[in-house]
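Scrolling down, you'll hit the structures one after another.
You will see two complexes here that share subunit A, one where it goes with subunit B and one where it goes with subunit C.
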Partner chain A sequence: MEYKLVPSICSYCGCGCGVLFEVMDGQLVGTMPLKSHPVSQGKLCIKGWNLHEHVISEERLQTPLLKTNGALQEASWDASIQTTAERFKKIIAEHGPDSVAVLASAKVTNEENYLIQKFTRAVLGTNNVDHCARL
Partner chain B sequence: MKDTVKKWLEEKQVDMFLGYKMVHGHALPYCFQADRLDEVDDLVVSRERYSLEKMATHIAAVYPEMKIGMLARDCNQRALKVLDIWDQLKKDSVTTFNVNCCPSPLKNHGDCSYLEPSPVGPVKVELGIDNNMSVEHAEHLDQKERFAHWMYEFSKCIKCYGCRNICPVCFCKDCSLEHPELIRSGGALPTEVPLFHLVRAAHMAGRCIDCGLCEDACPMDIPLRLLYRKVGSSVSDLFGYRPGIDEGKSPFNLIGDAPTTEPRPI
Partner chain C sequence: MTNSIEEIEDAECIFLIGTNTSEAHPLIARRVMRAKEKGAKLIVADPRMIQLARFADVHVRQRLGSDVALLNGMMHIILKNGWQAAEYIANRTEGFEEFEETVMGYTPAKVEAITQVSIRDLEQMAEYYAAGSPSALLYAMGITQHTTGVDNVKSCCNLAMLCGNVGVRSGGVNPLRGQNNVQGACDMGCLPNVYPAYQPVTNEAAREKFSKAWGRELPGNAGLTITKMIPAMLEGTLKGLYVVGENPVLSDPDAHHVRSAFAKLEFLAVQDLYMTETACLADVVLPGVTCVEKSGTFTNTERRCQLLTQAIKPLGNARQDWEIISDLSTAMGYEMKYQNSEEIFEEMKQLTPSYAGMSYERLGLDGLFWPCPNSEHPGTPYLHKDTFTRGLGKFHPIGYKDPAEMPDAEYPYFLTTGRMFAHFHTGTMTRKSAHLHHEQKTGYVQMHTGDAKKLGVKTGEMVRLSTRRGEVEIAVVISDMAQEGTFYVPFHFAEASANVLTNSASDPVAGIPEFKVCAVRLDKIVHGENRK
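Here is the complex of A and B:
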């Protein structure tokens, strides 16, 4: 029997509430608020309370999906990144850099979001970058 | 405390001990076990209260034979009593190390219910309910005004279900708060006021141990503890039963020989 509580940060929005994951025998079984966290002070919204359900959900996507012949199909990371790069290059060559946009995510780290905007502005050459947690 | 817990683990009096340990400056609940006995030196009594008995219930649900030791304040003790009565966590499987209630400058031994209340802001005093109000005081407010003030509080609810999720004595598999005929499912907001809160209050009758964790966890600062205290006082007046303090089953899970309809003064 192994039972531990792992402190973490909720990845849903920009607030960064403190959460405690309940882990039994290596399996995530619950989420509760981190009482002493300076941001959330032991409170969570419904999304934070249910973080573990998303991790263990059977419907969770584990690989990228590529639209092939009109339908989404599972693909490898290499193939997905390659296809995205090719499409980006083609669209930018035909219609200019402002014809593409990038949507960043609250579920990645601050540093990764920095990289996304840097990539969009410096590599793709457009200011069309936004973020889902611009609350 | 540390020596006793070590002794318990060594002598197999308990298979595991739920206490607290400092991790990155936060006192976190921690499961101490015999194969990592040195760690017991890090055992602390934290200022933060977690429902260790709820964690014990989760463990006992998977490992029913597990002998669980835990650090217990007064509120943990009351919760354990209720969980035993409702067959969620049998008292024989739990050994408690009793500690003082939340450290407070006011008392050497203070029940957490008596801890220094934090003052509420002027808007809440004007429109809502002061969380520190006594049940008696709340009952003597003008009825119309009282209703408006409670509705103000309830309508703030963001339906996070935190009050239910954190509650040490909430364990039902089918929760009325998720019943589609009572409460709209999904993220429908605002939630059904005052139904949502009154359903929960009714279910707290004969069960609520007044630990205050619900109000602690409420992001909208709804005075839940006061509401459940009122429910508790009704049960205490009508049936003379105080959950977690009095022995025996709650009046709501007793099937008596002869049901009585004899009215009693409220």
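Here is the complex of A and C:
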């Protein structure tokens, strides 16, 4: 049996509490508070204590889906990425870059958000990028 | 937040307005309670009897959407009594005279008439806030989600500057952000008008800097906000959309309207963890991963950038979100090849002055506050010390305006929306969690005993709520947490969706919708009636 605690940050609200993920033999089994964390000082709320539960939910998507004959069906990463790229290229070629937009996320990392706006501006060629800060 | 979370517990007075802190930000509420234990005064302004109101030295239940009048009323009393920080105003601010003239028009009697807050309570609030040295003001979406959201925020800033509370430890104007990385998404330039660190896209020098770094010509016109994207989709000018980790079909106001807009898209790609209401409408669904399966950084509400460490492998065939974006970019002819998230962070910080001094190594377990301009800089726990970012702090004269929709004969009640303690946003995460689902399984409308009596409804009874946008059937919960005449519906639950009802009227500057105020009617469901 291999058991480890991995320090990280809770991904619910904006408090940014310190958590320890409990991992047993490569499986996520629990969430613990991080005693030394400057925001949460070893405390968590009910959402934080149960953070691992949504991660290991059976409802998690585990494979890409592509609409074929009007319905979403399992597909390969290659086909899904290629289709997305081609459809965006086609719309931009016909209607210009401002006919497409991207919604970034307040849930993904800084690194990913940086890439999303870089992709929108440098690759799609539009400033149509926003996220749910207002919602 | 201008100030850090730990500073809250050393404030002499804490003013909570439009934040249900103990339910939405429990670990910040803990600091409020610590301050209270150390002797701080607590002022709560919230139409609902929220949990922290029980511990308040003064709690006022202002009429929904009357915050500008309430704040002007407090400032009127402060000025009348000479409690303002005269030296601070003279040395550090501008625009005071014009502001003072506006505020002097908000006499306690006038403010009482608008807000339904008694003059005695108003005086007490003003006295406690002005006497605290320092006083910390905390707010959340109860201030911002209004057609007067910007006016509300500016009024909070006016009050804080009037008493010299900006640029001092344990003071400040502190918006509590609702999502783990909403601060970071803004800092990284996921906004239609700015690059990372709020460098404007319309500024030629900024555009040139990013154009050079990225090796592409960049557009010089600001893009569309989310509230402008919906009408553009309906008009057919916006045809393709890529949504990463958001659920606008449930989170945006006037949900029927939003759904018909999504139906008009030529192409929709959604990257998410689950089949959300938005993913169900997509042409392509790309499975990303949770914070447990990735490394990277989040920036919390106090501007603290913190490191995540990957704890487990991605589930099934799901992939790192940054890998998906990179592959899509490469497939579109712009090669992105990063080894890991740290390499992206290193590129980002070259272009983002407020993060320039950070590195994964320096972040460690405690993180760093921005601005952190160089690798020796310790980070900045509170902003505007000695001088404001813009030089002098600016007072804005702000007059009160009614919300976009007020109750009338047809829709006689106010409706407001919010979060409850066990759930988060559109429930995509929390409703998958067995323990959280157990706490609250579905939506409800909370109302005051008096209203329930008048309408002849009981707790648990299904009723129909309708607004000019739509209707939902929902269970009643009678609770004196609700203000008489105002119903409250949490927005986590798709089957009893608050946002079928809410008004998409938005602030003219910020584009934020007025989720917190609209007019609603309640009808009993007659047994045997045909349901729509």
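Here, the second predicted complex is superposed on the first by the 108 of 135 C-alpha atoms of A that agree within 3 Å, B and C clash if a C-alpha of one lies under 4 Å from a C-alpha of the other, contacts with A are read in each partner's own complex, and residues count from 1 in each chain.
Assume a residue touches a chain if its C-beta (ideal position, glycine included) is under 8 Å from a C-beta of that chain, and two chains touch if they have at least 3 such contacts.
None of these values were measured; they are calculated from a predicted model.
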Inset, instruction - Return first, second, both or neither, reflecting whether A:Q62 touches subunit B, subunit C, both chains, or no partner chain. - result: second
Legend entry - Which superposed partner A:M1 touches (first subunit B, second subunit C, both, neither): first
Legend entry - Which of subunit B and subunit C A:G70 touches, first, second, both or neither: neither
Inset, instruction - Tell me which partner A:L34 touches in the superposition: subunit B (first), subunit C (second), both or neither. - result: both
Inset, instruction - Identify the partner contact of A:G42: answer first if only subunit B is touched, second if only subunit C is, both if each is, neither if none is. - result: first
Inset, instruction - Would you sort A:F88 into first (subunit B), second (subunit C), both or neither based on which partner it touches? - result: second
Legend entry - Partner contacting more residues of subunit A (subunit B vs subunit C): C
Inset, instruction - Could you look at A:M24 and tell me whether it touches subunit B, subunit C, both or neither (first, second, both, neither)? - result: first
Inset, instruction - Could you give the residue numbers on subunit A that contact subunit B in one complex and subunit C in the other? - result: 4, 7, 18, 34, 36-37, 43-46, 49
Inset, instruction - Spell out the part of subunit B that touches subunit A in their complex, as residue ranges. - result: 15-16, 23-31, 33, 48-50, 55, 58-59, 62-63, 66, 158-162, 165-166, 187, 216-219
Legend entry - Interfacial residue positions of subunit A with respect to subunit B in the complex: 1, 3-5, 7, 18, 20, 22, 24, 29-30, 32-37, 42-46, 48-49
Legend entry - Residues of subunit A that touch subunit C when the two form their complex: 4, 6-18, 21, 23, 26-28, 34, 36-40, 43-47, 49-57, 59-67, 72, 77, 80-85, 87-89, 91-92, 95, 97-119, 121-135
